[in-house]
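So, here's a batch of structures to check.
Here chain A shows up in two complexes: once beside chain B, once beside chain C.
Up next, the complex of A and B:
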């Protein structure tokens, strides 16, 4: 029990450290990107010299990266995530408005991707029909080759829910991996023995094949969340979905340091938590 | 298995179709904005989306009629400017109420002006009023008369009030209490803003019907212009306020009546050379860029008609100077576009000591004439223009390299590091008065792009421009100001610190079910008369 607690503490600390390093890496990239610290408003001919100077002074406050990050972390402890220069609003408000949109998009997309991917992989395993396998593999191959932007646009043009575009982007990977896992398990000796004993295909699938692949499918699930999150950025930008993907794009274009650091940390934290989940579950089951 | 498959199919089809359908009211106007407004506070507006909301919801004392370009009374029934140009006295309309029922009066005008001129807010609207040192004084004269006194004379003062939406001093709803035709009903950040008719709006039509005719406006945030066009063609939005030439042609091909060209706009596309003395450029290039003959030769080597014809599909005109002919009063009608004349360009270059070897141009020191032009990445029109200019200049032996940069990097180069040779950008004119361009023309100004923030004018002609601009800014006689600004335009035409290329046409796409639309070149082109727009053909015939 003490070992498990020590392991859990170590894992949580590792996750926290990764998130903090992720945030700092994000901040560093923005800070040293060309065009950092400039503001489009500087080209507004209506603005007086005093106002332009004030805008420049405002942007110059975040020039010392280490100082910025320390102040940021100190403020974060008090629930203050800072202020978005580009959008003129507190980051906390922006995240609370946009995060649910992205989580919905990712949720719907992943639901669709898993239904289709695992469904087709199951059909391939159960039917033992090579034509279904060939058709499903060709479909996955084609979708894998198509750029995310084209798929997102196609869904928009087809009047379809653009959230599903995300599912179609993630589907090929889920199908390919889960198909391989299931086919590998199907050729195990105990599965052949079960079939020889006369068990039905459904029973074999549910009782022997699926449990054998469960751990790997859970890991695939974690990876698919990361895939969906990264695909959410172009999908939201192209389809105009107001989530954190679109926000990340706007922040990057405007070199909005505070907003980008927060977004990097949120995405890093989700990715780290989701990727650690299978191991946590495994340890939990063992304990 | 069959039941599971059927359920799966049903679920997929629901997902595929469900989200794209939404209930749409018959009397709801729909159009897109390209970003969510940064603010609803009319004083702090500095982006297009916030400007749109301010125009639709804000009540102003004086409005510029976008069609006639003349001033019209709104919340003020009249105004009077003092002889010294420092004080303006407004007589307010009686009995008006804000959208939340709060009464409108002189105290609200005073509150708005004090809020607008708060130096800590750095309001772009307020900056236009800022002249000289000192504060403004707002004096309540009677229950419906208020006088505003500025520290010094403000030229074109009345016109500036077109941008000042009056705020309520006492309403608990602050900036959400408005005097304009619409009020914000719902705002879903990043997605949509719904405006509904202001029940207390004061205007009525000749038959006594309350304006505006349209009961609600839905503004969808759509940053992607391609999707905006698709949505227009599908009938999901009623108009596109400002359309690119290529999209205009697409709309015209599908529905000729929907494509509307209001004529040459106020906006210009221009190119300039970096003339900053401290710029990290070779000395010989600084000599080229500082030479009037070189600039004029480059200008004459560019075929502006081709730019207009090829890049803008004929929906642009060769540009002449800072203002396009659309600016009826201030445009200098004596000027003509620089002709496309490669022979004259060669003669000018030869006179300056340039020579040709194997078709390539060299300066008198033997340096190959080659430079790069930066422009913003993703703007295909500028990229196409740069490519055409590249071809034109190669005809006179000049090698032009085109560099596209994202906007922050570009701004950094043209305002901070000055690490660029030439730049191709556009200027959006939001004001008709030349005084709004003081920050461009004064040699000490930040936006004097070719050589900003000069401590003293680097050239005689820049000193002349400084003198003329200051003189026009201190005169209250519009005819005198026009004479002075005509001289500025003539100097700019002759010296070409900016190589004005084209003035684009103001293009719009408007669905036939939207009536009473009279697109103009001045922003907001399509909905400037929003109160009178209607989706009802019967109402439209009342006009």
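Up next, the complex of A and C:
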């Protein structure tokens, strides 16, 4: 029990550290990007010298990267995530507004992708029909060759549900991996023995094949969240969905340091937590 | 499968030849505009029609293919060399350097690929010459795409280090970069080749995504990303199906690479 607690503390600390380093790396990227520190407002002839001096003083606070990050972390502890210069709104407000949109998109997309991917993989394993396998593999193969943004564009032009576009993007990877896992388990000797003893295909699938692949499917689930988050950027930008992906694109284009640091940390935190979840579940089950 | 691979290799070779002899195949340059014939259908002068600015689509498709087929393998080479250097240094140093490298790779992989790509590309200059923008885009792909390959190579290197022949080499006084060059790298090469080939279609697709988002190669130099951006004005009612040629070509090229990779993976 003590060992499990020590392991859990170590894992949680690792996750926190990864998130913090991710945020710092994001800040470093923006800070050292060419053209950083040039404020378009300084070119506005309507502003007085006093205002321009105030803008410069405000920007100067962000020039020392370590200082900026320390201030940022201290403010984060008090719930202040800073202010987005590009969008002229507090970052906390932007995140709380847009995070649910992305989570819904990712949730619906993943639900669709898993239903289709695992459903087709199950059909391939249960039917033992090579034509179903060939058709599903060709479909997945073609989708894998298409850029994410093109699929999003097609869904948008066809006025189809753009959330399903994300599912179609993630589906081929889920299908390919789960098909391989299930086919591998189907060729195990204990599955062949169960079939020889007269068990029905459904019983064999539910009782032997699926449990054997459960751990790997859970890991695939974690990876699919990261894939979906990545695909959310072009989907949200092209389809005009006001989510985190679109916000990340806007922040990157406007070089909004504060917003980009927060987004990097949020996205890193989600990915790290999701990727560690299978390991945590496994340890929890063992304990 | 062998037949499909032969067809894939033949198709890729034909495309490479068409790109090399582009000037002979198309009478006009990829940036030559004829404002009198925008969005023209195919004709004897313009075999694939023209785009919205009256530029010959065939010339642009071939030039875009040339850009992608030259720069994507270069980016793949950069990422593979980086992966070898990082994984090799970590494996040679061992101890805390190896642990630190593994954490760095984990951190890199914890960020979604496209998010990282969009962020880094947007932070680099966008208002540069077209060729510079192409080089920047593919260099970013090369410099950010090493992590997955480095993780695999690290795992393979740590497995190799525990093999008897490496222990024997060490016992005979072979160490450092000599050990890496003479004993580890030759055994690592099948995996390195597989990683190199896997990276090419990944980078082609990533460039296409960046191009569609407006962060790829800048005009007038075409790339598959900028050619595909034309599809945002595609209408089934207009029926100018020649607009779909770049997309069909992209699917064909990426499929060919996937087919050839499957052979490479089996060999690795």
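One rule holds in what follows: the second predicted complex is superposed on the first by the 266 of 287 C-alpha atoms of A that agree within 3 Å, B and C clash if a C-alpha of one lies under 4 Å from a C-alpha of the other, contacts with A are read in each partner's own complex, and residues count from 1 in each chain.
Assume a residue touches a chain if its C-beta (ideal position, glycine included) is under 8 Å from a C-beta of that chain, and two chains touch if they have at least 3 such contacts.
Computed from a prediction, not measured in an experiment: that's the story for all the values here.
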Checklist entry - Does the superposition put A:159 against chain B (first), chain C (second), both, or neither? => result first
Next on the checklist: Just to be sure I read the superposition right, which of the two partners does A:219 touch: chain B = first, chain C = second, or both, or neither?
Outcome noted: neither
Checklist entry - Between chain B and chain C, which makes contact with more of the residues in chain A? => result B
Checklist entry - Between chain B (first) and chain C (second), which, if any, makes contact with A:98: first, second, both or neither? => result first
Checklist entry - What is the contact status of A:268 with respect to chain B (first) and chain C (second): first, second, both, or neither? => result second
Checklist entry - In the superposed arrangement, which partner chain does A:76 touch: chain B (first), chain C (second), both, or neither? => result neither
Checklist entry - Just chain B (first), just chain C (second), both, or neither: which does A:253 touch? => result both
Next on the checklist: Looking at A:144 after the superposition, I want to know if it touches chain B, chain C, both of them or none. Which is it: first, second, both, neither?
Outcome noted: second
Checklist entry - Once the shared chain is lined up, is A:238 touching chain B (first), chain C (second), both, or neither of them? => result both
Next on the checklist: With both complexes overlaid on chain A, does A:46 touch chain B (first), chain C (second), both or neither?
Outcome noted: first
Next on the checklist: Counting contacts the way the document defines them, which residues of chain A are shared by the two interfaces, the one with chain B and the one with chain C?
Outcome noted: 33-35, 153, 157, 237-238, 253, 255
Next on the checklist: Considering only the defined contacts, which chain C positions touch chain A in the complex?
Outcome noted: 103, 106-107, 110-115, 118-125, 201, 205, 208-209, 212-213, 225, 228, 231-232, 234, 247, 250-251, 254-255, 258
Item to check | Partner chain C, residues of chain A touching it in the complex | outcome: 18, 21-22, 25-26, 29-30, 33-35, 141-142, 144-150, 153, 157, 226-227, 229-231, 233-234, 237-238, 245, 248-249, 252-253, 255, 260, 264, 267-268, 271-272, 275
Checklist entry - Which of the residues in chain A end up touching chain B in this complex? => result 33-52, 54-55, 87-89, 94, 97-98, 101, 108, 112, 115, 119, 153, 156-164, 237-240, 242-243, 246-247, 250, 253-255
Checklist entry - In the complex formed with chain A, which residues of chain B make contact? => result 8, 11-12, 15-20, 35-36, 38-39, 44, 46, 119, 122, 124-125, 127-128, 130, 188-191, 220-224, 226-227, 230, 405-412, 415-416, 427, 430-431, 436-437, 439-440, 444-447
